[in-house]
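Two complexes come next, and they have one chain in common, subunit A, joined by subunit B in the first and subunit C in the second.
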Partner chain A sequence: MKSHFDEQLLYECYECARCTGSCPAALAVEGFNPRNYLLTCLRMGLDAVVSDEKLWCCTTCHVCEDRCPQMLDVTDLLMSLMNEAARRGFIPDKVRAGSQMVLHTGRVVLVSKRASEMREKLGLGPLPEIPVEEVEGILEKTGLAGLLG
Partner chain B sequence: MRYALFLGCLIPVKYPGFESSTRAVAEALGIELVDMPFSCCPAPTLIKLVHYPSWLALAARNLALAEQEGLDILTLCNGCTNTLKEANLVLKNEAALRKNVNDLLRPYAKEFKGEIRVRHLLDVLCEDVGLEALRKQARKKYGFRIACHYGCHFYRPPRIMYPDRLSPSKSLVPTQMEEILSAAGLTTVQYSRRLLCCGSALGTKVDLEAANEITREKLFHMAERRAEAIAVACPSCFEQFDRGQMMINRKHDLDYAMPVLFISQLLGLVLDVDWKRLGFDQNRVKVETLLGG
Partner chain C sequence: MGKRPKPAGISGPPGRSASGESLRIGVYVCHCGLNIDGSLDCQEVARFASTLDGVVLAKDSMYTCSNSGQEMIKADIREQGLNRVVVASCTPRLHEPTFRAACAEAGLNPYLFEMANIREHCSWVHLHDRKAATEKAKDLVKMAVARARLLEPQVETQVPITPKALVVGGGVAGIQASLDLAESGYQVYLVEKEASIGGRMAQIDKTFPTMDCSICILAPKMSEVGRHPKIELMTLSEVESVDGYIGNFRVRVRRRPRYVSRECTYCGDCAKECPQHAPNEFDCGLSTRKAIYSPFAQAVPATYLIDMNLCLNKHGIVACDRCLQACQHKCIDFSQKEEFLDLEVGTIIVCTGSDVYDPSSLTELGYGRFPNVITSLEFERLINAGGPTAGNLIRPSDKKVPRTVAFLQCIGSRSKRSNPYCSNICCMNTIKDALLIREHWPETKIYVFYIDIRAFGKGFEDLLQRARREGIVFIRGIPGEIIQDERTGNLKLIGENTLLSKLYQYEVDLAILSVGIEPRKDSAVVKRLLSLPSMADGFFMEAHPKLRPVDTPTGGIFLAGCAEGPKDIKDSVTQASAAASRANILMSKGKVTVEAITARIDPDLCTGCAACSRVCPYGAILVDPERKRAQVVEAACAGCGTCAPECRFGAIRMRHFSDLQILAQIDALAETAARRKILAFCCNWCSYAGADFSGVSRMQYPTEVRIVRTMCSGRVDPLFVEHAFSKGIAAVLVSGCHPGDCHYINANLQTEKRVQRLWKKMTRLGLDKDRLRLAWISAAEGLKFAREIQALQAVVAALSDEEIEKGIRAFSEKGQAA
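Our next item is the complex of A and B:
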């Protein structure tokens, strides 16, 4: 967490809740509350936050930091918390599946037969080959492969 | 005007019509696009949230590839733009991180040097092609009313995406899309909540139903200004609005039918490129109703 977000900055929060008032995920998901995550980190530490699956509802739109009168990078805070959650083994299913796709194929979506047909119809060439071994090799060394299990 | 074309994952596989229309528009405007074996950017809404160092390393590989050819990268997707611009900036500024990724890239004969720029198609159109050229080359007129949706990762956070263009409050309001479409002779409308997120990343990660509620909020305000079409510059936003309208109509018994057009599809219409290359059969909300006769 420390590498991406300076915990000392949490003390700069006014508790004005502008982050939460402008947050699209808070609009749609009851219980997703950036301001509460921030305050919980301060008062109870990370453990209370990283186990909350709703943390992953953040769309990373960065409007919170755009509106924050203290210019706190709230999205970066949430990203750091998600990184920490992942380190502890908590990754939502869809996020794990997408990450594994990237690890093993270099793409986040499966290349279907339909894709090739659509491309041909549009007069496009075949998809450029991605050197998958290279992508996998890099992501094994960085630790993503181990993290995803 | 020569760039390394960064297609990303969604466009070449799910929406190749955006690729073919981009290529057609590029040809018409004298832009040369070079294909390279790029991988996933990787997405700021996925790998970055799981493991930042992996995100940075894979982004560095993509940047290094384009550097080898000495080409700036041209992106078509906001996620790719966000990742590659941020990684480029971070790696240019932080020597320790740069050394880490270069140690990882060395076995593959690649090195991040920090010698290129990453540009979204919108910025290439505004700055390199120029609005005047668009004005001159526009051949066909269309009168439908367009609501522009930028998508968050195109310009936020501004301190990373547009550090040279910050307002006194360190913020930024994007206007490129309206400028481009107006120059091309199209009609754009302003609407409330123009800069609200489409919701896509919430849907792809956790909860699609909830994501659609964000989309519904946007659609309401677009429709309120009698928008007849939605312009996007990102395949994720496209999917969210295009598929979203179907799902929202069914769930809430509504009848939204605003075709969603990728920026190159819109420009392709105006520049009168080969219709078959615009790929409109991939748009779920049918575009033909807009075009009349």
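Our next item is the complex of A and C:
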């Protein structure tokens, strides 16, 4: 994290909480709190944050960043925290399942029979084949495949 | 090329001054506690100084500026017969006057004193390289000694001070300053842009922490200004131009027409008849006024005025005469014209005040979209008995009394997205406003959303505690968003209570944005007119933040109120009295001493070509076409030295900043390792002060730079730059005030022209023109100075020996001849 961020800039945060106050995920998920993640990181270190599954609730909408008076890249910070968590093996099951789906099928959602029938009814052609091997190759290179094990 | 012979006979025989006397130079290297000695070896520097030609005595001392330090210098002058004194310590902008006075007391002409700035320009900016810092300090001392050898005694002249003052801006600061000066017996001209004096304080309902009625305590002072025989009040007026210098400013004021004569009895019959409506600016647009109107009930002067942009009679065609018919005293005069008034004043006090932050750009808060989101200034008008609702707190959407009110702090303050500074007054203003609501509508639920409450002044914490006791709820955490209920107009505030780490949602009837203070939109105009420096945030800069807090770097001009920075009424009044007192001190002396740095023209060399007089910003050089001679009007000459480089015949001599002295400084720095060095010319007012500022801020930059001070960048003769290159110096920085900010009106325009010419010449000679750099650095731009030096250092690092040699050949006298 420290290699991605200027630590001095993070210390400029004066806890106004506009980020959390603006966050749609915080509104939906109790305990997801961008401001608190930043403060915890600074005061108690990465270890105190990376194991928290709620960290993954960030939708990367970037509203926090838009409104931060100190112009901190809060979303980028959360992203790098998630990356670090993944590197340490803390990947929530749902995220792991979703990622594996992408890895093996190239899709986020499985194409159900019903969906295919609906497409046909609406005159839309069948969905194109996905070059799964190519996707796997990419994820291999980015390291995601390795992390998923 | 080779426009004039290089001054010959640089220093006479060794060990003697130009006039032939035997040199006895004393050098004092100051430790300044650990400020200097902490990062360079003062003893070593003093030892080095003692080896220099003409130096008979070199000492290092703990605090040279202390009484004992000064006494030591005085004793040495008397006992050792010193005829030149060099002190290596802090910036001459701080202690040059101290040491000059000490020299004078010991019978040495103060112009035979020289300073080497080894603190701001050396020890503080090279904290981590003791060896290089020590070498640099030695160089700086060597340069100072080289200059000292050529110093000449000078006699200062005195000019009378006009015992009149100009006060710009009629807010509470301007009012206080005007009254203080008028009571001291000086004629005061108070220039106010608006139709009435009173400023922001007149708009506010109550003041903190005492809860006094704002207009009740201000109005008597306003009327006093209006009737004081020594104050000439000019409203609807703006300063158009300023020239002159300390004690003798010539000011031109533009007065817009009022279209109503002074006989107006303020009866208001005219306004009743006027058919034209417009938002009332004094009420922040929460009420309307007519085209003929009075700004507010207590206005001074108590005279109506016509807003010609709104009146049907603009363009000189009388299409409506209802007000004219209604006025029994026949005060309305559509024929009034704009007029210009020329004033002569000795001092100027700038009290131009501040603007209020406009929160429209913070779209998440809905200001401007949701009627029930208002600013703190709008709230002041809403709760004011003289305001649009006669003091009844109602919310704009449905005119109902709000039952829940929220205050949002730090709106437009402490943010890189708006203004980075704390606006100083908003916390206490909110606490006061919350208590006012509590007092009149005790059932109201009041929330204050804050980050930090800053209650630092006398009586402030008491007020905060009272607010807490009275049940005002303080919640730490600013709402991220305000959402309006379309049906009720109520507001939902979403945010996080950081003390509980829990999200909140509050529904309130009215949200008040506690907006910050910012520099006035037209402060750039004032800045340019008066050549004032400003900080990065736009507020005007004081001469010294601690010890000269109401002086500006320009002599005779003072600051008071929010023009200098956000502050409350008490601080504005205190500062205004201080500024008035500073102006009084100047004017009561009746005379001001002019530094003996003015230009002199040698009549034997002058041919009357008038090149000098064309570039003089002050028109201080008169040319007699018959006798073919130019002459300097000493009282008008400010000593910038812009004329000197213009003279092709070497006829102009700048006293105390002579060609010989500056060339000697260059020679001294070029003696060793010139190939790696950067010579920086800094003007006294902006860039030298900027370099000082980077020192005070401990900004670290490369050690290779050596600064030569000139009064103005216009003094920098292309000859100096060429001389530096001919001596093998790697790079030269010419720096001055930003265009438009020049302390000498526009002298730095000549600097730019000359540097352009030099660049052309260098290109023609096949030299790397990046070796010469031009930079505009204000007194507040310490960081910029450091960056300029870093940039030049990069150029120097990439220079080849061949390039240096080429420069030496091109600009050495032989090269010039060829």
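Criterion: the second predicted complex is superposed on the first by the 142 of 149 C-alpha atoms of A that agree within 3 Å, B and C clash if a C-alpha of one lies under 4 Å from a C-alpha of the other, contacts with A are read in each partner's own complex, and residues count from 1 in each chain.
Following the convention adopted for this analysis, contacts are C-beta pairs under 8 Å (C-beta built on N, C-alpha and C of every residue); 3 or more make two chains touch, one makes a residue touch a chain.
This is a predicted model, so every value here is computed, not measured.
Undergrad: What is the contact status of A:128 with respect to subunit B (first) and subunit C (second): first, second, both, or neither?
TA: Touch status of A:128: first partner only.
Undergrad: Does the superposition put A:71 against subunit B (first), subunit C (second), both, or neither?
TA: So A:71 meets both subunit B and subunit C here.
Undergrad: Answer with first, second, both or neither: which of subunit B and subunit C does A:46 touch in the superposed model?
TA: neither
Undergrad: For A:35, select first, second, both or neither according to whether it touches subunit B, subunit C, the two together, or no partner.
TA: A:35 contacts subunit C only, not subunit B.
Undergrad: Check whether A:143 is in contact with subunit B, with subunit C, with both or with neither, and answer first, second, both or neither.
TA: After superposition on chain A, A:143 lies in contact with subunit B alone.
Undergrad: Between subunit B and subunit C, whom does A:14 touch in the aligned arrangement: first, second, both, or neither?
TA: second
Undergrad: Looking at A:27 after the superposition, I want to know if it touches subunit B, subunit C, both of them or none. Which is it: first, second, both, neither?
TA: A:27 sits against subunit B and subunit C alike.
Undergrad: Mind telling me which of the two, subunit B or subunit C, contacts the most residues of subunit A?
TA: B
Undergrad: Just to be sure I follow: which residues of subunit A are touched by subunit B in one complex and then by subunit C in the other one?
TA: Residues common to the subunit A contacts of subunit C and of subunit B are 27, 63, 71, listed in rising order.
Undergrad: Mind pulling up the subunit A residues that touch subunit C in the complex?
TA: Residues of subunit A touching subunit C: 14-23, 26-27, 30, 33, 35-36, 63-64, 67, 69-71.
Undergrad: Touching subunit A in the complex: which residues of subunit C?
TA: 364, 410, 414-418, 451-452, 476-481, 494-498, 501, 503
Undergrad: Which residues of subunit B touch subunit A once you look at their complex with the stated criterion?
TA: Residues in contact with subunit A: 7, 9-10, 12-14, 16-17, 19-20, 23, 35-40, 42-54, 57-58, 61, 104-105, 107-108, 152-153, 156-158, 170-171, 195-197, 199-202, 204-207, 210-211, 213-214, 217, 276-277, 279, 282.
Undergrad: Contact residues on subunit A for subunit B in the complex?
TA: The touching residues are 3-4, 24-25, 27-29, 53-54, 56-63, 65-66, 71, 73, 75, 79, 82-83, 86, 91-92, 94-95, 98-99, 102, 106-112, 115, 118-119, 122-124, 127-131, 134-135, 137-139, 141-144, 147-148.
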